[in-house]
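One structure, as structure tokens, below. Some questions next.
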Amino acid sequence: MSKPEKLIENGIRLDGRKPDELRPIKIKVGVLNRADGSCYFEFGGNKVIAAVYGPREVHPRHQQKSTSAVVRYRYNMASFSVEERKRPGPDRRSIEVSKVSREALEPVIFQEYFPRSAIDIFVEVLQADAGTRTAGINAASIALADAGIPMKSLVSACAVGKVDDTLVLDLNKDEDNYGQADMPIAMTPDGKITLLQMDGHLTRDEFKEGLEMAKIGCLAIHEMQKTALIEKYSSQFDEPNDNPPFSTGSSQIGGDAVE
Amino acid sequence: MSKPEKLIENGIRLDGRKPDELRPIKIKVGVLNRADGSCYFEFGGNKVIAAVYGPREVHPRHQQKSTSAVVRYRYNMASFSVEERKRPGPDRRSIEVSKVSREALEPVIFQEYFPRSAIDIFVEVLQADAGTRTAGINAASIALADAGIPMKSLVSACAVGKVDDTLVLDLNKDEDNYGQADMPIAMTPDGKITLLQMDGHLTRDEFKEGLEMAKIGCLAIHEMQKTALIEKYSSQFDEPNDNPPFSTGSSQIGGDAVE
Amino acid sequence: MSKPEKLIENGIRLDGRKPDELRPIKIKVGVLNRADGSCYFEFGGNKVIAAVYGPREVHPRHQQKSTSAVVRYRYNMASFSVEERKRPGPDRRSIEVSKVSREALEPVIFQEYFPRSAIDIFVEVLQADAGTRTAGINAASIALADAGIPMKSLVSACAVGKVDDTLVLDLNKDEDNYGQADMPIAMTPDGKITLLQMDGHLTRDEFKEGLEMAKIGCLAIHEMQKTALIEKYSSQFDEPNDNPPFSTGSSQIGGDAVE
Amino acid sequence: MIIHLFRRVHHKSGVMPLSNEIMAELRKDYIYNLMIKGEREDGRAFDQYRELTIDTNVIEKAEGSARVKLGDTHVVVGVKIQPGTPFPDTPDQGVIITNLELIPLASPVFESGPPREDAIELARVVDRGIRESQSIDLSRLCVTAGEKVWMVFIDVHVLDDGGNIMDAASLGAIAALMTAKLPAKRFDLGEDTPVPMRDVPVAVTAVEIGGSIMLDPSLNEQSIAGTKLTVISNQDGALSGMQKSGVHPLTTEQINYIVDIAIEKAKEIREKFLEI
Amino acid sequence: MIIHLFRRVHHKSGVMPLSNEIMAELRKDYIYNLMIKGEREDGRAFDQYRELTIDTNVIEKAEGSARVKLGDTHVVVGVKIQPGTPFPDTPDQGVIITNLELIPLASPVFESGPPREDAIELARVVDRGIRESQSIDLSRLCVTAGEKVWMVFIDVHVLDDGGNIMDAASLGAIAALMTAKLPAKRFDLGEDTPVPMRDVPVAVTAVEIGGSIMLDPSLNEQSIAGTKLTVISNQDGALSGMQKSGVHPLTTEQINYIVDIAIEKAKEIREKFLEI
Amino acid sequence: MIIHLFRRVHHKSGVMPLSNEIMAELRKDYIYNLMIKGEREDGRAFDQYRELTIDTNVIEKAEGSARVKLGDTHVVVGVKIQPGTPFPDTPDQGVIITNLELIPLASPVFESGPPREDAIELARVVDRGIRESQSIDLSRLCVTAGEKVWMVFIDVHVLDDGGNIMDAASLGAIAALMTAKLPAKRFDLGEDTPVPMRDVPVAVTAVEIGGSIMLDPSLNEQSIAGTKLTVISNQDGALSGMQKSGVHPLTTEQINYIVDIAIEKAKEIREKFLEI
């Protein structure tokens, strides 16, 4: 898509949302068998899976901390998650995203309960559509809870941006590409900010207003995260892995058991 | 060479062989001074050298096994071994070949005799002409014996293929390039199969017939391997390293000692 | 610059020097705060900084020596130090330069005083103009002394070369590019040679003459090294880091403190 | 709110390796003893696959994609297609590049970093299965001979390792290709068309445990098996690829038995899941 | 001559990690206690920068360069400019590539090898500061659309880590760019011209220590701070970039306070050091 | 058949490092004491080389090749030649690229992985020996100026390290080049012709042990020597390259002595082994 003339028309964004409206969110807890905790999170066109392993032994050992757990976070984009195929493996962007995402979650984890051990968080982006880091943090936060890691609270994340001189919540890909500013934020339910990045152009007042907008978005996401966890743990007797972890719009070409 | 019209004419292959005939083989045991065991193996146009070190200490230590030796195998092609210069260092192909070659030899090694130690096998391909992995396994098998590693038996390897709808033993480069199937096999003298790979197109019956053909080829190679070892060890008083380890067809431009 | 017709005219080199004349040298000791010892060294158009850390713990541990310190040397060129931007990180040339530079300095260090520890020497080339390895050795030698590492003597280094069939001391970039031979040498004040490399074309007699020429050059540098160290240590009460460590010819666009 | 209300009592990946080793030994005995009685831990027959589902077009940004669940194993395969330069020795043929990583999300024993030999072997067998079966007509991937051809990137993303990644990955690759489009429009090269498929190779993997042969090994079965043999066969019932993996030797009889059963099973899977 | 006459009594990097740890603890207490009294170890006010000097054109071989000393921190930034191919999606725009390494010369805790997450974060924030503020007019770096554009390499060489590398590196990058020339003559592309600058973004970093906010942290302050917040602002007083780094959360009030003070401080620095 | 009938009693690479260290110490004393008596472990004179054989054309797939045995040291050098793009600053000259790896097949102390400093130094000295002696007329390797030149890859494969790899590798490189052909026919560039050689540089390496100078060090001698000096000289008796390697300093007298003897020895080797 080339730059559209207008990204907001009559107060409505190109995808039909109001400025302060989040994209649709779909959450599924405990989608993986091997991981200690996991979560599939769909955030508009973003499809991410988070897995948590731990507390477990630390390799290599020199990363151990004697008085607390070490938290590690690996954000990774699948090669096929974007329009132009991405070369597999970490790049500078994913290393930075991993760092700030880890720092967004560390404050809520009771790391001191698990000295000399590791809590490993893996986030795989299966499809990317602007906002993968916030989708990853939302998913990872749930996966940590699903893994039984003691936490002070969940962490919720979304971005605020500016398009056509208007502050909007939760940028989609076009708004990210052609907008004027992007500001991903993560916070705890009591409003403590654990991730803050920004680039583009925001006046001092726009920034302050944007921060408040993000707060409302994060609180809405927090409710959905809680709901998803409660659903999972109130239905312990159900098959925990009965549905496809991601919506498909697919032509399913199979499904029967082969004997 | 571009694809020839026929690869077999009147039951004879382009290099003059019958379908079930191996290429000429030349074996020299104990060609290296530093290695604990070694073997130079010429298999048609293939020229490979295998060296064995061990049992010896394992580095890095976390690779140690407490109840048996760890066997390591490094298959490597010299940059100048092929028509188009190969970039030095391991690639995905050589990593796979190393893995399946190691697995082809492990079953005959008494690994449990040497807990916490390593048996290292290094195979260098100096010239490649289709069949380097089987040449390497043949050479490595002899080098292991030369190193005094206790073994249940030798392992012998060769490929079977299909060209012009005919099953043939031991493909050469053109047959490999323009043939219909390639199936490298390694086995013990009592017919246990330790390596089996195949690609191309083989019917069920061709496959079964090919397997028998390979068995006959491997047994013939096994005889040559034994002969080479017996020659070496019945002539212990000879200078063990007096001849060039590989035939040259060379214009030797030197040979005298310089004082 | 393309190859000039003559590199020496009437016994005078293109930059105005006589054949046995060094380029201007500027030395500043103790220019860094974090390093245990440091030196800024300007040698014609070369601008290098050397830092020494140690004796200190060795990581990784398997590099430890039980009876002496291990000396490590990292020669590195800044990306912007040369006309065509250099890709960051070590290349084959810098690995070789690091090796021979380390060997040029090891003989004067009392390594046996510090078993199981490391002495780390880091040389950064900020600007390169032929002779960076000798500039680095000169700087590192002073930085070692500044770090208080016990040494038998300093080491001094410069190159001798041949341009227009004439032996010259301390090649500049054009002489290096278009000359006939280049021979970097490092030595102790008593004439023991600790680095010797040469390439190009030198007759036996030219070589011997060149070696004597280098000796005179190294002795001159040695005097400057001593002077710089004495100045530093006779002015211990001065602010040790008050001047820019490298001359600029700059338009300074700042300088005041911001409060 | 303190969330460790959700805390599980038993962690799957524990801090105590000793107990893990003992568990492994017990599991091995358990499976072995079942096998002697002709049984498997999940009640399957020796030649029975676990429940299999294949969903396609699960990643809209990819030109083709498939999600495969085979028992507890879960992989997503994405196919990306873009124009590129042909190899000098095949100037009129498209290019297939297959990649598979065993990312640490999928198992406590997988590690970050460049692919290791297991992942490389899996990728190369999947690749040969597609390539050597000639399932894609590479000549129809040529745009301008010697200059521009379609590059087909098959990326296998393993999300959950429940054993037999080999078959899940192979099934995912062929299913993703069968629904993939050449994105000609996006590159101003005409209309989008399906990837030109000519065959539907299916990989079937067996393991040998104490002399018995079992298809589609679970993670536990795989962990105690001495050898795996993967057999890839085509629509015509002929073999297009094989790979023995593991240190236990196999007899000719065992191999011939596996080949026979694998060809049948491949037919069955193809008909149920991969008919267009 | 035995040179250990010059030997220092106390090594900065010692062989005894224990004493180092105790030192760290003591230092932490010391700074913390000062802070409670509203003081800093070097006597500065909480919103005061250390002594700053910026020298430009310090590397003749580079197209632009700057040396920045900010207290004990010392960085050299070199800008190399050469022609190259534009990215396919921006065929008429120049390219900026920013690199920063924390080389072991600059600190006992830096290691050799590829850049780690700290260095990568610093490089990317410096890069975004230049890029997102639109301080360079990238369209004027185009030579021939789709074929040849100017590539601007900004290489930050950290020589001495005395804390707050972020601000020193950002200041060095913008100062080096402001004096850099497009070397058109050398590449037969006409006369050398200055890099087309449109704005002068300035990064200001604050730390939070025990609830207090301090600007331009020293190494000691930085080592005990829970969080850094870097705020980059433009000539018009608007924000062009922000980065929170570190695990301590910040309140909205703290962030708004830092934003306010950072914009003021950036203006001050810009006027004193970066006016042309 | 159980094959350990063939088992050797003494392994060259043992599991017991202690005894290895003691062996090393004893060996050192032994060689040192011999040296004081003017003797070497293998009976050679101090200026005598070990038995040398050079065979060429040993690898038919390479454009040139040589096998060198120098005592227990054994190297194979292959020369591959193919068309490529010249470097921008030498548009009318061919390219030489020299590679040498110390592969673990050749010695118990060599390790897998990217070349380390020893291998890099060896490769670079071999390379400079060929390049700086101007032994190849690079201008005659130009096919089309600025576009296509011959790339000459010299790959040194060390098979057995018996000491003095330097000289064996250098001899192998020059011998392989002297018999190499430019494969013009294969690339439709006319008739095959020999690589245009102009000189025959020969590297001679000496070691210093306790003040004595010995040529062509064996592995044992090399392991206890403080320093090696390699001297490369041309047909005209002039020097084209030198490299001191190792931590012991040398006096001017020692160096001049080595230079004199190396030039003579190079002449001798050239005449016996490298005359065409």
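Lettered A, B, C, D, E and F in written order, each chain numbered from 1.
Following the convention adopted for this analysis, a contact is a pair of C-beta atoms (placed from the backbone, for glycine too) under 8 Å apart; a residue touches a chain by one contact, two chains touch by 3 or more.
Computed from a predicted structure; not experimentally measured.
Shared contact partners of chain C and chain D are absent; no chain touches both. Counting hops only between chains that touch, chain B reaches chain E in a minimum of 3. Distance between Cα centroids is largest for the pairing of chain B with E. Using the average of C-alpha coordinates as each chain's centre, F ends up farthest from chain A. More contacting C-beta pairs link the chains of B-F than the other of the two pairs B-F and C-F. Averaged Cα coordinates give chain A a centre that lies 51 Å from the centre of chain C.
Between the Cα centres of chain A and chain F there is a gap of 57 Å. Centres computed as Cα averages put chain A at a distance of 28 Å from chain D.
Across the assembly, chain E contributes no residue in contact with two or more other chains. Of all residues in chain B, none touches two or more other chains. Each chain touches its two ring neighbours, and walking from chain A in the direction of chain D yields A, D, B, F, C, E. Within the complex formed with chain F, the chain C residues making contact are 92-93, 95-96, 98-100, 103, 106-107, 183, 187-188, 191-204, 207-208, 211-212, 215.
Against chain B, the residues of chain F that register as touching in their complex are 1-4, 6-8, 11-15, 17, 45, 48-62, 65, 67, 72, 74, 76, 78-80, 82, 99, 101, 103-108, 112, 114, 153, 155, 157, 159-162, 175, 178-179, 265, 268-269, 272-274. The touching residues of chain D, counted against chain B in their complex, run 115, 117, 120-121, 123-124, 128, 131-134, 229, 234, 237-252, 255-256, 259-260, 263. Within the complex, the chain A residues that touch chain D are 32-36, 45, 47, 49, 51, 53-57, 74, 76, 78-85, 88-89, 110, 117, 120, 122-124, 126-129, 145-154, 189, 229, 233, 244, 246, 248-259.
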